[in-house]
Amino acid sequence: MSKKNVFQIEQLGPCKIQSPIPYSTVMGDDIANYVTDDEKILYDIDLTPGKTTEDLIDGGLLEKAGPRQKIYFNPMHSHAAIVTAGGLCPGLNNVIRAVVRTLWYRYNVTRISGIPYGFKGFLAEYGLSNIELNPDNVDDIHNMGGTILGSSRGNGKRVEEIVDSLERLNVNLLFIIGGDGTQRASNDIGDEVIKRGLKISVVGIPKTIDNDLLYTERTFGFETAVSKAVEALSAAHVEAKSANHGLGLVKVMGRDSGFIAASTALSSNDANFVLIPEVPFELHGKNGLFAHLKDRLERRQHAVILVAEGAGQDLMPLESKTDQSGNKLHSDIGAFLKLEILKYFEEINMEIALKYIDPSYIIRASASKASDSLYCARLGSNAVHAALAGKTKCLVTLWNTHFVHLPISMVVKGRKRVDPESSLWRDVQETTRQPLNMTNK
Amino acid sequence: MSKKNVFQIEQLGPCKIQSPIPYSTVMGDDIANYVTDDEKILYDIDLTPGKTTEDLIDGGLLEKAGPRQKIYFNPMHSHAAIVTAGGLCPGLNNVIRAVVRTLWYRYNVTRISGIPYGFKGFLAEYGLSNIELNPDNVDDIHNMGGTILGSSRGNGKRVEEIVDSLERLNVNLLFIIGGDGTQRASNDIGDEVIKRGLKISVVGIPKTIDNDLLYTERTFGFETAVSKAVEALSAAHVEAKSANHGLGLVKVMGRDSGFIAASTALSSNDANFVLIPEVPFELHGKNGLFAHLKDRLERRQHAVILVAEGAGQDLMPLESKTDQSGNKLHSDIGAFLKLEILKYFEEINMEIALKYIDPSYIIRASASKASDSLYCARLGSNAVHAALAGKTKCLVTLWNTHFVHLPISMVVKGRKRVDPESSLWRDVQETTRQPLNMTNK
Amino acid sequence: MSKKNVFQIEQLGPCKIQSPIPYSTVMGDDIANYVTDDEKILYDIDLTPGKTTEDLIDGGLLEKAGPRQKIYFNPMHSHAAIVTAGGLCPGLNNVIRAVVRTLWYRYNVTRISGIPYGFKGFLAEYGLSNIELNPDNVDDIHNMGGTILGSSRGNGKRVEEIVDSLERLNVNLLFIIGGDGTQRASNDIGDEVIKRGLKISVVGIPKTIDNDLLYTERTFGFETAVSKAVEALSAAHVEAKSANHGLGLVKVMGRDSGFIAASTALSSNDANFVLIPEVPFELHGKNGLFAHLKDRLERRQHAVILVAEGAGQDLMPLESKTDQSGNKLHSDIGAFLKLEILKYFEEINMEIALKYIDPSYIIRASASKASDSLYCARLGSNAVHAALAGKTKCLVTLWNTHFVHLPISMVVKGRKRVDPESSLWRDVQETTRQPLNMTNK
Amino acid sequence: MSKKNVFQIEQLGPCKIQSPIPYSTVMGDDIANYVTDDEKILYDIDLTPGKTTEDLIDGGLLEKAGPRQKIYFNPMHSHAAIVTAGGLCPGLNNVIRAVVRTLWYRYNVTRISGIPYGFKGFLAEYGLSNIELNPDNVDDIHNMGGTILGSSRGNGKRVEEIVDSLERLNVNLLFIIGGDGTQRASNDIGDEVIKRGLKISVVGIPKTIDNDLLYTERTFGFETAVSKAVEALSAAHVEAKSANHGLGLVKVMGRDSGFIAASTALSSNDANFVLIPEVPFELHGKNGLFAHLKDRLERRQHAVILVAEGAGQDLMPLESKTDQSGNKLHSDIGAFLKLEILKYFEEINMEIALKYIDPSYIIRASASKASDSLYCARLGSNAVHAALAGKTKCLVTLWNTHFVHLPISMVVKGRKRVDPESSLWRDVQETTRQPLNMTNK
């Protein structure tokens, strides 16, 4: 059965208004064209053994993002709202800036409200005031980390109150920048909007520093995060190398997916052992991490371990708590490893110098580097094009180098993870030369 | 007619030797698999108006890079040579390092010669000595700009002498890191090798800081170049803003393609006018650059122009020279614009403060940033896998997020250029808000 | 005769108003004390051969900067003006920020005008509007290069018009941030103020990226300039090393004094020849630069030259022009050297690869690094303390690690220069290992 | 009583050998002169109330560092050893590089041994091998953090074994780079050397990232540390500002002295409360930290605290341990504050978002920034000049902008601390606008 239709984007209604942006409708005049809903890209392009090109076609098509010739909303009567939710990620301000400028300069939408501190900003009990946004007050924000709107976790279940608030504010263009949990809320908000017969497009811009979004080549902030993690890893390497039996241990983000750890290792060459959630490992035994660690310290006098926060959860006592966004709270693998390593080497009576680095906030709060800045600028403007065209319950993202629309409902079904059999993990192993397997089975 | 076969990679002969790398041949065992020659990706995935999914299939398939189970060369008897040619580009040392380490640690190839100063290193008249490479002496080079091998332009036509030299050295694995002109030479060397019945695989790793390579998503060093260009643009912006009628002018690389200029403008938001080779513009007249410049200075007191070196060549007196690699020498659009702008504003008696920045070498000589470091690491190791498998006259590169092999002959047929009707140029125009057209036609 | 009194600071009148800042007047209560006019530091502390400690005492005393218990102006009725003049220098915005915040938060002076674009902002013919400054609009400016007030050269002779403007604006606290030429104007403005019987304190904050100010340990922006120059020098080194007979040539600021060049060479170790205005050199002849250059290229294959813009002026045809600030315009030693070097090596038929880098604006426009940021913050607040206390025609600066007041008249008498017999130049020579002398005498 | 003689440097014997460095002995020939032992600088230059200029003279004179015309050791028969001990500090490799190059190129001392891993390297039981140092293998190390020699704490009491080892190695020039505890050992080693009648000069290069060395303007690595701490503080500020009642908490180095915290606050402007060991504070009560924190969060929604590791030790339960260098182990004020703050705001039922950053290793392991690089280069070469001249039991350091010799015995008598009544702390308070006092007395 063909899966062609699974990436169908929901639409508030037919587009009848001429876009104010003077693009072209013909090729060859050296002026960019409007994008039509028929323009798509192939989702699956990977001819692995056993697949035919027909299977690729059956993999489905993703709708291209971009400015439409006919739009759904009258910009003159539009009121846009932007909200950022969840943890910080480099590039948030860049996205906000791009959304505001595209609304203002391209579509002449001049009523733009920043919702303060995530979904809290919609809830009366917090008594927070919206922030009027315009090109002037967002002009320099792309050079700053964080979000000028403020952010918070949680409250994503209070859909009715949020939609009440949207009604009260008369918002018809809602941009929600946030992760997994937040986008689940976006979808529910979009459903509630439709249920009430309202005309509000809900467009999500996915934010996950972990780069674990399905159908998404990479998420904004990820490359910046890696470049900052490389600096922390370098410090660990320097500390390790400067000590006799020096051992550097760095914990990076990655609750369920080891992309930051894997990419950091490949970018820097300073890690000898990379531990990620997708690849199980044991501490003890002949083929456990500690035996390999000891061996490396004896051979090379120093070693560096890079661990993703979600790695090795099975090795630790259970935590049953969740944070306010509903994410399962992880036990702290960094602190755990530090203690266990110290214990192990004390037991075998081998003196080591262990330095543990947890650079988390320094990474998250960083301003975005150039490649993320460019990405955020384009994500933001494409989100505006989508919203004006009446698309709703969709995300704007990048797939196979093209900006596309994704139905939120599909994206939040799971998480993108590092495939241990992929070329990415293969290349990490080639770089670190760590054992292909660190279990005793 | 189907174009399926155009990306066919030439092969020195059948692969009969078992790879020393212990990868898997089955899925599901959590160990990376060898890559087979049947694994491909689709080249064309873009369903523009008028195209069918069948057309996409007809667009052809690119062979995936990666380690093969059976290889052509016996690593024990192999001698690899690496050469870097042409202008500097961030990441050269990273590629060298990855090639050396993959040869040494993965395939146990321990005879690795660095050829000094480009093709000069092959020519007896220069009397240069090769550099023995090993993991130790390349260990820290990825933190340095430039190339530890040295580079030079030219001598790409002296194919017979080069192959003589390869014969003399008994090299069977040749890695050539260089641009367009250099890869044309790679192809000729590959042809001469076959003509002589030699068994030498010639694998190119494409280096063009301009990102103008056909069939290539992006070239290494490009993102680093953009991030450094952003810094220069920022300086121009600061200078312009700090003066009354301040005008910043920055020239960046881009002989034939404006990718650096376009991406820099999108990453930084500091440019008001971006001039690239692909988009013609006029200086004078009602809709010329100068009229718009004057208008902007009057409205906003400052302006910043970002010009690619190949832009506006038609506006200047002709140069007929070429450099040693055979590239047409461009007239200096930066210096030309500077003079013409000063002349224009003197004529209209408007006082301006013009600051011209040409950051060229500071960009080229930079060490690679994290995302390029990762890219170079993977390019280098995939190039080694290709060479050991007896592939020749091919490049290793990235397309639609996959590492692939490309026949050099196809790649050097033309150049990738910024399509003025593409979403990239559209987004540049949305960011800079420069006129869609600056000619008077 | 004792020189004790030469550093006497002019005072508008007796200080009768209690400072609003609640400092202490006793030691030992762990609260900072007001500074009295009697607190001084010794100017000369250097017991070179032939000098006695009495000579040191005779060297004079510098008045310490800092908050006075009694001040001259009533903050409630005060109006401050800030002007930045001359070329850009890292830290200008930091100084502006500190002045504004100290005025506002410490003294409750809330009428603060930014004068736009240097002295132009005082002159009616330019029709420029002042900028109201307050802690909010200067809050983030310290992270930006340039000056938010704008700057320009010249107009320093139009003292009467400037004082007319001050009278019209009712300004009584004038902060002038600028170089040599600008501070000469500050002194003249201070004289004119006194001549007219006005009560306006004129306090200068010296800005010279060249670090060539008399009686001044270092000027703000200098360390940042050096750190940026190190990056340019590093690029030149990479380019040189990557070519056969590669030659990197970098020009840095330093019209009359080679401090930037000397410090850059000492910070980076990448320069082989440092050329500064204070040390004559010849190009040709047995002991000329070119002979040494050739020798180095033959021995080491590459060389890097770092030249201060004011070096070797005697080698070039004369320029008789001055810029708008009255600085003698220098012939461009960088461009000159580039041509002469190319000519020389062509004549001796030695192939070289010369790369010339002029990073000037990238250096000047940079945001200030941490140590300059700290310095600017303290300069700015000490300038405010001086002005409120009715000091006039004085500069605030750093000498022997203390913040002090200097009479402008003394400071502008000459320039601080690199003494070729000093330990600084000795250490440069030890680092570069360049010949102690490159003339043929 | 005059203190003139207290800074007397011990000398192994009369200097009879002509220095191989061709400096001059006359002024005015534009060639640097040798420095004589009579050249000194004044220690005390600060005319505070109640002091006379005679008191300044009585403050004593410091001997200037630099090359002597006559030296004590014959370079041809010299063997130098370099050791780095204690925690990492930016610039260690720069100092090593400068020592090696000055020995080699200036004095032709070519037997240079790097002692591995601190004093451990002298002790037979560790079985460590010395590292032969020469200009080639130290050429690029200044761009790397850490120490290529390795370092460790402790073993400073094993003086006899260390001197045995020096005798065995026939070392006569010993360079010890390390902190307080290490320099105490240096002094003891120097004493033991003299007691045994050996001819070994022991010259220390003081390393304390905390900048807490007596008679020392600033220590190497300090400015780099501050610039890295500024980045961590900036992250805390971004996190705090992006949350409702966001609170950033950053711990920086500073066991006994708050210089890093004070300078970081002045460089960055992001801290609202700076807590240092020298200034007592209380947590609770009307004028305690928490009351002020609550007030600030209510007024401004966010706050940032910068705490030196040695601050507030009296607030915590006692620790009685010391580390291997004998430094008293501090209780962790950062972790303590984090818990107490959370407890306080839970008790008063105010929701806050606290982010705690401990950037320690990222700061320590950083490569040195330009101004420290320059400083290290000059420290290293001056240390060599001192050792060759037979000076022993002395440190080379900077005072009042001059490089000087200090007797180790005086320097280790105490620690330089931030004077709460100094202009430095006053300026911190002006910048942060924190209460002058946060106790309830």
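Order of writing sets the chain letters: A, B, C and D. Residues in each chain are counted from 1.
Definition applied: contacts are C-beta pairs under 8 Å (C-beta built on N, C-alpha and C of every residue); 3 or more make two chains touch, one makes a residue touch a chain.
Bear in mind that the values here come from a model prediction, so they are computed numbers and not experimental data.
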Item checked: Longest centre-to-centre distance from subunit D, chain (CA-based) -> B
Check: subunit D and subunit A are one sequence twice: same or different residues at the contact, by the over-half rule?
Finding: same
Item checked: Separation of subunit A from subunit D, taking each centre as the mean of its C-alpha atoms, in whole Å -> 42
Item checked: Chain centre separation in whole Å, for subunit D relative to subunit B (CA means) -> 46
Check: Counting in whole Å, what is the centre-to-centre distance of subunit C and subunit D, each centre being its mean C-alpha position?
Finding: 28
Check: Do you know which subunit C residues sit against two or more other chains?
Finding: 144
Notebook entry, point to check: Can you name the residues of subunit A that touch subunit D in the complex?
Noted result: 88, 116-117, 120, 126, 128, 144-147, 150-152, 231-232, 234-236, 238-239, 241-244, 246, 353, 355, 357-359, 361-362, 364-366
Note to self: Give the list of subunit B residues in touch with subunit A in this complex.
What the structure shows: 22-24, 27-33, 35-36, 38-42, 45-49, 53, 56-57, 61, 66-67, 97, 101-102, 105-106, 142, 217, 223, 226-227, 230, 263-264, 266-269, 279, 369-371, 373-374, 377-378, 381, 400-403, 420-423, 425-427, 429-431, 433, 436-437
